[in-house]
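In what follows, chain A forms one complex with chain B and a second complex with chain C.
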Partner chain A sequence: MILRRLLSLYGLLFFVFVYAPILLVVIYSFNANTLNMMIWDGFTLDWYRQLFGMETSLTQSATFVDSTDQLWGAVRTSLIVALSTSVFSTVCGTALALAVARYRFRLARFYRTLMMLPMIMPDIVLGIALLIFFITIGMNLSMMTIIIGQSTFLISYVFVTVSARLAEVDTSVEEASADLGATPAQTFRKVTLPGIAPGILGGWLLAFIISMDDLVITYFIAGTGNTTLPIHIWGLLRRGIKPEINAIATLMLLFTLVIAAAGLYFRSRRQK
Partner chain B sequence: MTLARRKLLQLVGLLGAPTVFLLVFFFGPLLIMLVYSFLTPGLYGGVDWIFSHLNYGRILGWADTRYEKFDPVFIAIFLRSLRLAALTVLASLLVCYPAAFWISRMRPGMRDFAIFLVTLPFFVSLIVRLFAWVLILRPTGFLNQGLMGLGLTGAPIEFLYTDFAVILGMTYVFIPFMFLPLYGSIEKLDMAQIEASSDLGATRFQTFRKVILPATLPGIVGGSVITFIPALGNFIVPSVLGGAKVLMIGNLIEQQFLSARNWPFGSALAMLVMSAVLILLIAQFRLSKKEAQA
Partner chain C sequence: MTPFDTHPAGLLPAGSQDRTPMPSPLEIIDARKSFRTPEGGTMTALDGISLKLASAEFVTLLGPSGCGKTTLLRTISGFETLDAGEVLIDGSAVTQMPAHRRPVNTVFQRYALFGHMSVARNVGYALEIAGRDKREIRTRVGEMLELVGLAGMEKRSIQQLSGGQQQRVALARALAAKPKLLLLDEPLSALDKNLRQKMQQELKALQRELGIGFIFVTHDQEEALTMSDRIAVLAHGQIQQIGAPTELYRTPANLFTADFLGESNLLPVKVAGGRASLRDGQSFATEHRAGEATLLLRPEALSITPPEGHALSFTGTIRETYYTGTDHQIALETPAHGTLHALLRSGAALPGLGAEMTLHAPAQGLHLIDEAAP
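Right, the complex of A and B next:
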């Protein structure tokens, strides 16, 4: 009984450990103290106003100089990259998953193992390998190189997500559709695709979130002038710790939570 | 067109483009990196296409020419990264194992929600999660304020920029990696066996050591491997929480590419990391195969 209680206490502490740091960031993003951000000095929305370029009572020294324009530029870059990468990876990952699950060929098992490799490869290794590659073949570092680079490992994430869904879908319905005279294209569009749609959507969301957050690989192949959001924040951290970061972090948190909740919604539909 | 041919065409249609993409942009870069690790660094940051094994010699001990000197510091940094990664794995196990055990005993509805809560932070931006720890650990941070408020320490303790901060940070960001494999094997525990063990007079510790631990070993090994791998090559955590004082192999590689501009040497270091990872994966694969046969 004592052991049980101890275990429960430990479990609760575990969740405190997991969530307290994140909550602190959120709470202190509303702290009005401009001199010492660790001491609570009343509620304010000034840090958020600052981010949206509104009038604030903040002094120059309390904020990062011209970070607002850079911030929104970085958000824009991140969104474009994440959207392109996630769509491309979803198409490729889904195609591979379909081929491996629905066709019998000698390399199918080989593919399954191989697709794990990009996920397990340390990101610094992949990052510098891509940098060397792009420079050697004479490709200028740009948003394009970020999209290509991130896709190399995001395809695997989509592959795994869609494969899991394909394994759950009953193939007899597809066979019945073919027996009843549907063309392969019809079967795919009317039977297979709706069946795995939640998996595809889940894979896409996962790819989108990971792309938005990717720091290491993007850092090496972004070149100058293509700052994504994580790289921008990393740069701010190097310039100093200012409360503005709390507000940016909280907004990102909110954004991720919305996407994660959407993903969870689709996953729960899958289980039904 | 025969059915077999049509199937083949469909298959090629599905596999073709993604396969080519991965061959070119995933395996291509790794291959070029391997080639680079055997080239000679140029004088002004470029690369000379002359074969050289001295990039490895510099790390492992046989280089002694004028530009490519062996320096034991490189292997020391590598060993240090191995140590920090191993300690991270150990800390993660201590943090996650009891928690996974606790959650596995919950009611099904609660359980799913608890697992969701554990995995959710994985989707929170890495840099945000690390920033949170900067706020907690720095000299004026929450931890020091708390300690001083309680009168446990007079002056702020330097938590940030230490090995402790790096291990803590890595443990924190890799929690889902360790938790999920652990949970997977703890969930499958046979409760009847545990009860039988205690009915037969085993102490709690004996039951844990002889029954629970062996049964959950696959989860422990799996979680350890996928925590160890990203920890070993990590350079974001040591550069945010470790400052300049805590150098890991990832930081060293980054330096070769961005400040020292010695790409062949950086490639050799990266090959070292990749080999360590591959050896680990193969060992784990063999081990799990043996277990499946037994």
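Right, the complex of A and C next:
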């Protein structure tokens, strides 16, 4: 009995440990105290209003910047990068997964291992390597270098997600399609693609979220004019923690949850 | 009239018309195929197989797993290419033709239905690919579903169907494009026994009704005997024997066929001077050539009451008896021939286990296999 209670307590503590900080960020984002965000001083939406450039009762000293243009610029950069990177990675990662799963060629297993490598590579090593690479080939750091750099490891994530799905799809279905007269292209469009669509969608969403979130690698390969949201937040933090950071974090959390929920929803619909 | 009447001669491709008015649905000439094993060796799957369908026949490829029957089927459907040899379908060579252009369709072992499509789209898939118009497809799908006993199930999803119904959808899908030849890869192995027997009869009836060739792959000898016009027994990548079920059962050409098809007692004999003698000295007249051979005695050939005329007799001890309702299965241990298996009509008065008993077989019309007993 005691052991069971201890286990329950341990479980509870575990979730508190994991989620309490996140919950605090959300709570503090509604805190009206402008001087010390650790002390609750009543409910306000001012931090959100401020982010969206609306009238607030906040004084200049309470916030980071005069205007939030920089913030929204960073959001825009992040969205463009995440969208391009995730689409590019999804196409390449899916193609690679199909090749490794469906064709027999030498070194297929070696390829599979090679594709896993970028995921376990330390971010900082990858960041430095990419930076050196871009400098060596004389490519100026820009949004393009961020997109190329992020794709190098996001392709791996898509590859793994789609490969897992492909392993579940029976190859005899593709043979049945060919047997009934479908060309390889028709078989791919009508049978293979619908079969692995949940994996592709999952891989794409994963790549999108990781891209939106990546700081370390992007930090190395982003030029001065291309600040992504994580880099922008990192910059803000260096000037001290101000309450509006909580509102930004909460919005990012919400955004990620919505995307993940959408992914799960589409998956469950497919399986019906 | 059914929608499956074979193509009138005028619609056949001009090339095939020149040779014979009615080309063979399938001809395989000296097919050879070997695979590389993961260990680095080679495995011969097809070792010179030739096969020709006389007309719209129901031919079964029967053999143990690894005998090459599935490989042979896949070279007909186009999923494997031959190392050497030729495949002709309906008179024209298709050896190098990719699977999607061959005029054959397959019922796959685990059905391989498209899970994300309705029953109707599954059945109409080949016609949809061929670009037929929607009305024609709908009519055809309706006919096909009626043919396999699933009328009105167009809108169902595949997941809603039982195993037997999925089997029927797979069959309807394979027949919808009016193939010249239907290939069936152990299609009944996933069904339970009652359903399997029902489907066996239906498939046979369907083949007769459609008038097209069926190539049926199975490792189940009972299934092969029940359904086939001819059976090709395969082992080690070669056709051991091909013929009608009764021919294979009564007069197997070698020990493998005798052993694989049905229960058998195989007794060594020596043939000399027109007589074959058993180990225990009994003998009977034969036209078989002199030398060592093997006598095939099917369990049902043995009886308790001696037949008219000359007979072989075997006395031994009853070691096992099984009662199946219609028959008694008996294992009789004899001093000279080891254990003999007999199938006796039920109703016969049987001595108990361990008792001594004598069984008889007529000494005429016995089949000798031209191979020394193992």
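Descriptive notes on the structure:
The definition used in the following text is that the second predicted complex is superposed on the first by the 263 of 272 C-alpha atoms of A that agree within 3 Å, B and C clash if a C-alpha of one lies under 4 Å from a C-alpha of the other, contacts with A are read in each partner's own complex, and residues count from 1 in each chain.
In this section, a contact is a pair of C-beta atoms (placed from the backbone, for glycine too) under 8 Å apart; a residue touches a chain by one contact, two chains touch by 3 or more.
Quantities reported herein were computed from a predicted structural model and do not represent experimental measurements.
By the document's definition of touching, neither partner reaches A:V16: not chain B, not chain C.
After overlaying the two complexes on the shared chain, residue contacts for A:D170 are found with chain C alone; chain B is out of touch.
Using the contact criterion defined above for the overlaid structures, shared-chain residue A:D123 touches chain B, although it does not reach chain C. Of the two partner chains placed around the shared chain by superposition, neither chain B nor chain C is touched by A:M139. Contact with neither chain B nor chain C is seen for A:V258 once the two complexes are overlaid on the shared chain. Counting residues of chain A touched by each partner, chain B versus chain C, the larger count belongs to B.
Looking at the shared chain after the overlay, A:M54 reaches neither chain B nor chain C. Once chain A of one complex is fitted onto chain A of the other, the partner contacts of A:V191 are limited to chain C, with no touch recorded for chain B. Of the two partner chains placed by superposition, A:I27 touches none, neither chain B nor chain C. By the touch criterion stated above, A:L180 is placed in contact with chain C alone, chain B being left untouched. Comparing the two complexes, residues 184 of chain A contact chain B in one case and chain C in the other. Contact residues of chain B toward chain A in the complex are 6-7, 10-11, 14-15, 17-19, 21-22, 25-26, 28-30, 32-33, 36, 95-96, 98-99, 101-103, 116-118, 120-121, 123-129, 131-136, 138, 140-142, 145, 172, 175, 204, 226, 229-230, 232-236, 240, 250, 253-254, 257, 263, 266-267, 270, 273-274, 277, 281.
For chain A in complex with chain C, the touching residues are 170, 172-173, 175-184, 186-187, 190-191, 194-195, 270. Residues 77-79, 98-101, 104-106, 108-110, 112-116, 125-126, 129-130, 173-174, 177 of chain C are the ones that touch chain A when the two sit in their complex.
The touching residues of chain A, counted against chain B in their complex, run 3, 7-8, 10-11, 14-15, 17-19, 21-22, 24-25, 28, 36-38, 92-93, 95-96, 98-99, 103, 105, 111, 117-118, 120-126, 128-133, 136, 148-149, 151-153, 155, 184, 209, 212-213, 215-216, 220, 229-230, 233-234, 237, 241, 245, 249, 252-253, 256-257, 259-260, 264.
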